[in-house]
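What follows is a set of structures for review.
In the two complexes below, chain A is the common chain; its partner is chain B in one and chain C in the other.
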Partner chain A sequence: MTRQRYLFCYLMVAPALVLVVALGLYPMLASIRMSFLQYDLMLIPTQGTPFVGLRNYQTLLANPNFVQALVNTLAFVLVAVGGVVTLGLLVAQILSREFRGRGTIRTLVLISWFIPPVVAAGIWIWMFQPERSPINEILRGLGLMHSDIRFLTNSDWTLGPLSIPFFAISVVRIWSGLPFVITFSMAGLQSIPGEVYEAAEMDGAGSVQRFFYVTLPMLRPVLTVLITLLAIGGIGHFELNYIMTGGGPKGLTNILAVMAYQFAYSQYRFDLAAATSNIILVLTGIIGFLYVRQQIRER
Partner chain B sequence: MAQRISRRDFCRLTGTLAAGTILAGCAQPTQAPAAPQPAAATAPTAAAAPASGATAAPADAAAAFKAKRFPGTKISFWTQSYGDSTVWQRDYLEAMAAEFKKESDVDIEFQIVPWANANQTWLTVAQGGAAPDGADMYWLYSNAAIGGGKYGPMQMDEYRNTLFADLWDRNVEGPMKDGIWQGKFYGPVWRGDIRPMLYRTDLLEAEGLKKGPDTWEEVTAMAKQLTKRDKDGNVTQWGFTFSNALPLQQMLPWLWQAGGEYMTADGKTATIDTPEMRQTLQWMFDLIHTHKVTPPDLMEKSFNADELFQAGKIAIMGQVSNNVGVTLERDFPQLTGKWDMQIPCKGAKTRASYFGAGYLAPLYGTKNPEAVARWIEFLTRDANMQKVIEYTGYVTPNKSVMASPYWTDRPWKKVAGDTMQYAHPSQHPSPAWTTMVANDAGAVIFDLFYNTLVKKNSIEDEIKTAQQRAQGAMDKIKLP
Partner chain C sequence: MAIQTVSKAKIQTAGRTHFRLVRRMSTALVVTFMAGVILFTLFPFYWMLKSSFQTSADITSLPPIWFPTHATIDGYYRAVTLYPVPRYLLNSLFVSSATAALATFLASSAAYVLARHRFPGAVFIMGIVIFTQLIPGITRVFPIYFLIKDLGLINTYAGLILAYLGFSVPYATLLLTGYFTASSPPELEEAALIDGCGHFGAYARVVLPISLPGIVAVGIFTFLGSWNDFLWSSLLLSQGQMKTIQVGLRDFFSEAGNLQRMNSFMAACVIATIPAILLYRFLQRGMVSGLSAGSIKG
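And then the complex of A and B:
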């Protein structure tokens, strides 16, 4: 009987396991293996795919464009995750209050969740088109500036990885990630008992103090999961950067996932693409490891 | 009774799965069995005669070939989408397939390949991924080289003098070369993308100009005259941009006009370090940065020359895809009478227009190469080519179609037809060309143009670097 029950359990999880293994684990292991081979499509017919050890990783690290993409990837994660969590928490706080039209505003805020990244990128490319940008139109109309901002192409001003195109794409990434953070945060906020706020208020805590000494600590478990998920997603992010700028101008918005794609499909260097992907894997693995370690410690 | 899976059992299960996966991942890739060769491949192969020099087979042999039927045969055919994919499949492909079935008994199963995934799809096919029996493809040289005679496009030289004996008389020779690789016939080129010059007549007339520039010198002079700035110095109207195409498709025709090439005709030597390349880069640099009459963002992905042209913010585009004319007529009636086309201007040496081509071919792995060849022959008959070209709006090497009212009923269409005589194939002899001219950072030619025209690096230094890198890329492939 016990054996039958085990079998039943295995059968129930088997479809999911098969999918994870076929679509997740196997490609991952194949990619790891490929990163140690010479896998240049132009050379395969004559040389095959010989083992080259760490040569692909050495090639990457010697490439300044790769280093720039690595720094950009981390900077995007910091700015985009930081921005979306801060803004999301703020909006969630407001939307958790009772006020007229709350339902409508909640719906409106969630709209960007339903817009596919490709469509979102198209909309924002139009918004950022210097000569036709409504943002430029408004700023010029208000007399705040006299020349158009080239949101996606200006490379004149840079500060480390920061630049105007970097911030333009960050804005879009924050905008597209906002509904997820708001939903998560609102769920977390609703789980905080009202009595805790009442007690804090009786102790003389103002709204800012209540936020920092009640809300934030009680949201910590939710925020930890949220930030972990966003950081992992952010490191592997591809669509918006690829569609909006392709990594330009001058590599200012290039990130690892875009670079991996360029290695594979523009240069036919699947070995370098695999090595780049594995660096993404390592970075996300570190975040996952830190998260799991913290969870274990908290138990 | 135990209700839970014990930790030990769980570990045993996951361990088994992990070990199995690792073993599978580490296994040597299984060599695919040799793809079946066309039946006729075992027969003596026709000599690889030049495209135009193919001698016609006896008419009765060709007729017998064309009369053959294939009852119960089903072939798969992949094609990119031209316009609405549903309409393309329903109104054109399936209608053609129904007609073909009447004379051959062959059923055709279609699959549409979105343009966004087309490069990846053909690359996967050329590496041994899932492939149809036949397809509408492009970039023959690279995909044939990657396939190495096992995968990807399959040569059909043996049908050259039977099924396709009259193809060379019915088509313009130059563009047809895009379907021939190392002397072998892979398939007929059916569509082309030719690039005449496009300009805003209203903006030119406002400056007293009646037509677009005919030489590089005139381009510079007119672009200066047509560029307008507001009181703050912002450009409100650009005089000139090279093209509306992908970055390197914008750039390369000007090198060809200067008399340059980036590799030799045998595909073995890079020819980037040449006076023609210097002259081209310097001329382009001057338009962008010295005279400031060409948008500096033209190599960036978000740059949209079409939108600027439609909004009257660019006066002249040096080369545009011929189907821009169709788009302007259909979607921008308010611009009627405000634009015109002319043949590309003459550079330091010659006129040249970018010409991208699409060809039809069987693929390695097909079990029905004869049926596929028949289907391709059917599609490329004059009457059927007329239908597909009227549907897609592309130019074609087919002489009859280009002489038909469809391609001659408007002045701009005649210009597109006239531009065909200046067509320069986009493909280059070394299969490495697609990696060299990819439109991303890291590709040799992209980096050369980007680093000089956008980053403003020294032309001399960048040319030296590009020459070395290009030679390295080309040396990977040993051509006979």
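And then the complex of A and C:
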């Protein structure tokens, strides 16, 4: 009876598992292998794909553009994830109170969830078009600016990885990630029992204190999961940076995923592309492994 | 409610005017903050809609015109006539629907046993599923490109669907495992087993039918995942008439980068957003609270 049940289970799982392994796990391993080969499409007809050890990684580390992209990737994660979590948590906190029009406001705040990344990139490129940007128009109207901000092309001012295009794209990444964070945090806030707040209030805690001494500690497990997911997604992020600037100007918005893509499809250097994407795999894989272990223990 | 009662009691004990002042200030602060957030989230949406209804002359004018004073559907007309936007939409619709159907079909049986049965290796399999779902696509896109190429499926719908299954199946499995765990009472299957259904019979005749709303919802999530994709389709299906809408939009933008066409580009963007909005509305109406919690966990 048990054996029959196991057989049933394996048969049911098999098709999905085969696909997940063949199109998920195996390509990750194949990508690691590729990064140790010379895999230059231009040279394959004459030289094939000889094993070159760590040469691709050495090439990358010697390339200042790669180092810049690596630093940018991490800086984007810090700024965009930090920004979106702070903002989303505040909004979620406000939206969990009872007030008139709450449902409508929630729908309005979640609207960017509906918009595909390519469309989001398109809208924001258009809103960042210097002469016709509504943002520049407002700043001019308020007398704050006399010349237009060149949101996506200004490379005059930099501070480490920070620059105007860097912040412009961070804003878009925050904008597109906000609905997810709000929804996620609201679900977490709902799980905090009201009695805890009442007790805190009895003890004389003000709303700021309640937030820091009740909400945040109680929300910690949810926040950990949220930040883990956002960090992993952020390290491997591709679309917005690629479509909005292609990594420019002067590499100021370049990130690992964009760089890997360009190695492969502009330079036909799949070895360097694989090596670059493996950096992403290592970074996200470590976080992901810890996360999976945690999730499975909870089950 | 309870909190309010407490704070009322507090007003009476604490200095009344001082408390009110603080309260009013913090209310003003909260309202201003929320107004700012709504402006931030909503304004780009407005700007897209507005631009899509402007004439070419209005859209290029300096300074920018904030309202479509000469509202026209010219942009939409050109988006669907000068550029094969309808064709791209159909391509995306087909590829995403096929992916959603196949992925939910494969995922539902796996998710069911992962949620309901204990068997050796189940935890490990679940780990693989979560891990694959978690790790960004860019880490496996290059070998898959060559795999699809070796199969002779570059620039075919089948190739793209196959690639999409790679991230849709783990995603759908994860969502459905959550759904099966949370809903559909085990008593029903036990009854079915006692009535002489086999394990598969209990699944196919009892569990599947009552789980249909959840499966449809997961199908929609999976659909949207493929619908929004740019990375994979830009590599695997980037030529000619078969492009997906996202790749089509991107090419439209880089070809028609000149400003006069911005209204038709924005119109195309609106068109590409409509299916997503319709589906989300449908999800919101429908349902399935257990699932929305699970989908967030993904």
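Here is the rule we go by: the second predicted complex is superposed on the first by the 288 of 299 C-alpha atoms of A that agree within 3 Å, B and C clash if a C-alpha of one lies under 4 Å from a C-alpha of the other, contacts with A are read in each partner's own complex, and residues count from 1 in each chain.
Convention: a contact is a pair of C-beta atoms (placed from the backbone, for glycine too) under 8 Å apart; a residue touches a chain by one contact, two chains touch by 3 or more.
In this text the structure is predicted, and so the values were computed from the model without any measurement.
Steric overlap between chain B and chain C is present once the structures are superposed on chain A. When the two complexes are overlaid on their common chain A, residue A:284 makes contact with chain C while staying clear of chain B. With both structures placed on the common chain, the touch criterion links A:198 to chain C but leaves chain B unconnected.
Judged by the touch definition given at the top, the superposed model places A:137 against chain C, while chain B stays out of reach. Once the two complexes are laid over each other on the shared chain, residue contacts for A:5 go to chain B and to chain C alike. When both complexes are overlaid on chain A, the residue A:250 reaches chain B alone and has no touch with chain C. In the superposition on chain A, contact of A:17 is made with both chain B and chain C.
Contact with chain C, but none with chain B, is seen for A:274 once the two complexes are overlaid on the shared chain. If you count the residues of chain A touched by chain B and by chain C, you find the higher number for C. Once the two complexes are overlaid on the shared chain, A:265 sits against chain B and chain C alike.
In the superposition on chain A, A:233 contacts chain C only, with no contact to chain B. Superposed model on chain A: among 165-173, 237-245 or 273-281, the stretch of chain C in collision with chain B is 237-245, the rest showing no clash. The contact surfaces that chain B and chain C form on chain A in the two complexes overlap at residues 5-6, 9-10, 17, 21, 25-26, 30, 125, 129, 131-132, 243, 265. Looking at the complex, you find that chain B touches chain A at residues 1-3, 5, 9, 13, 17-18, 21-22, 24-26, 29, 119-120, 123, 126-127, 145-146, 148, 232-234, 296-297, 299-304, 307-308, 311, 313, 431-432, 434-435, 438-443, 454-455, 473, 476-478.
Chain A contributes residues 1-2, 5-6, 9-10, 17, 21, 25-26, 29-30, 32-33, 40-46, 49, 65, 125, 128-129, 131-132, 146-148, 150, 152-153, 243-251, 254, 262-263, 265-268 to its touches with chain B in the complex.
Interface residues of chain C, counted against chain A in their complex, comprise 2-3, 6-7, 10, 26, 30, 33-34, 37-38, 40-45, 47-48, 51, 60, 62-64, 66, 106-107, 109-110, 112-114, 117, 119-120, 122-123, 125-132, 134-145, 147, 162-163, 165-167, 169-170, 173, 198-200, 203, 227-228, 230-231, 235, 246, 249-250, 253, 259, 262, 265-266, 269, 272-273, 276-277, 280, 293, 296-297. Chain A meets chain C in the complex at residues 4-6, 8-10, 12-13, 15-17, 19-28, 30-31, 34, 87, 90-91, 94, 105, 108-120, 122-127, 129, 131-134, 137, 175, 178-180, 183-184, 187, 194, 197-198, 201-202, 207, 225, 229, 232-233, 235-239, 243, 256-257, 260-261, 264-265, 270, 273-274, 277-278, 280-281, 284-285, 288-289, 291-293, 295-296, 299.
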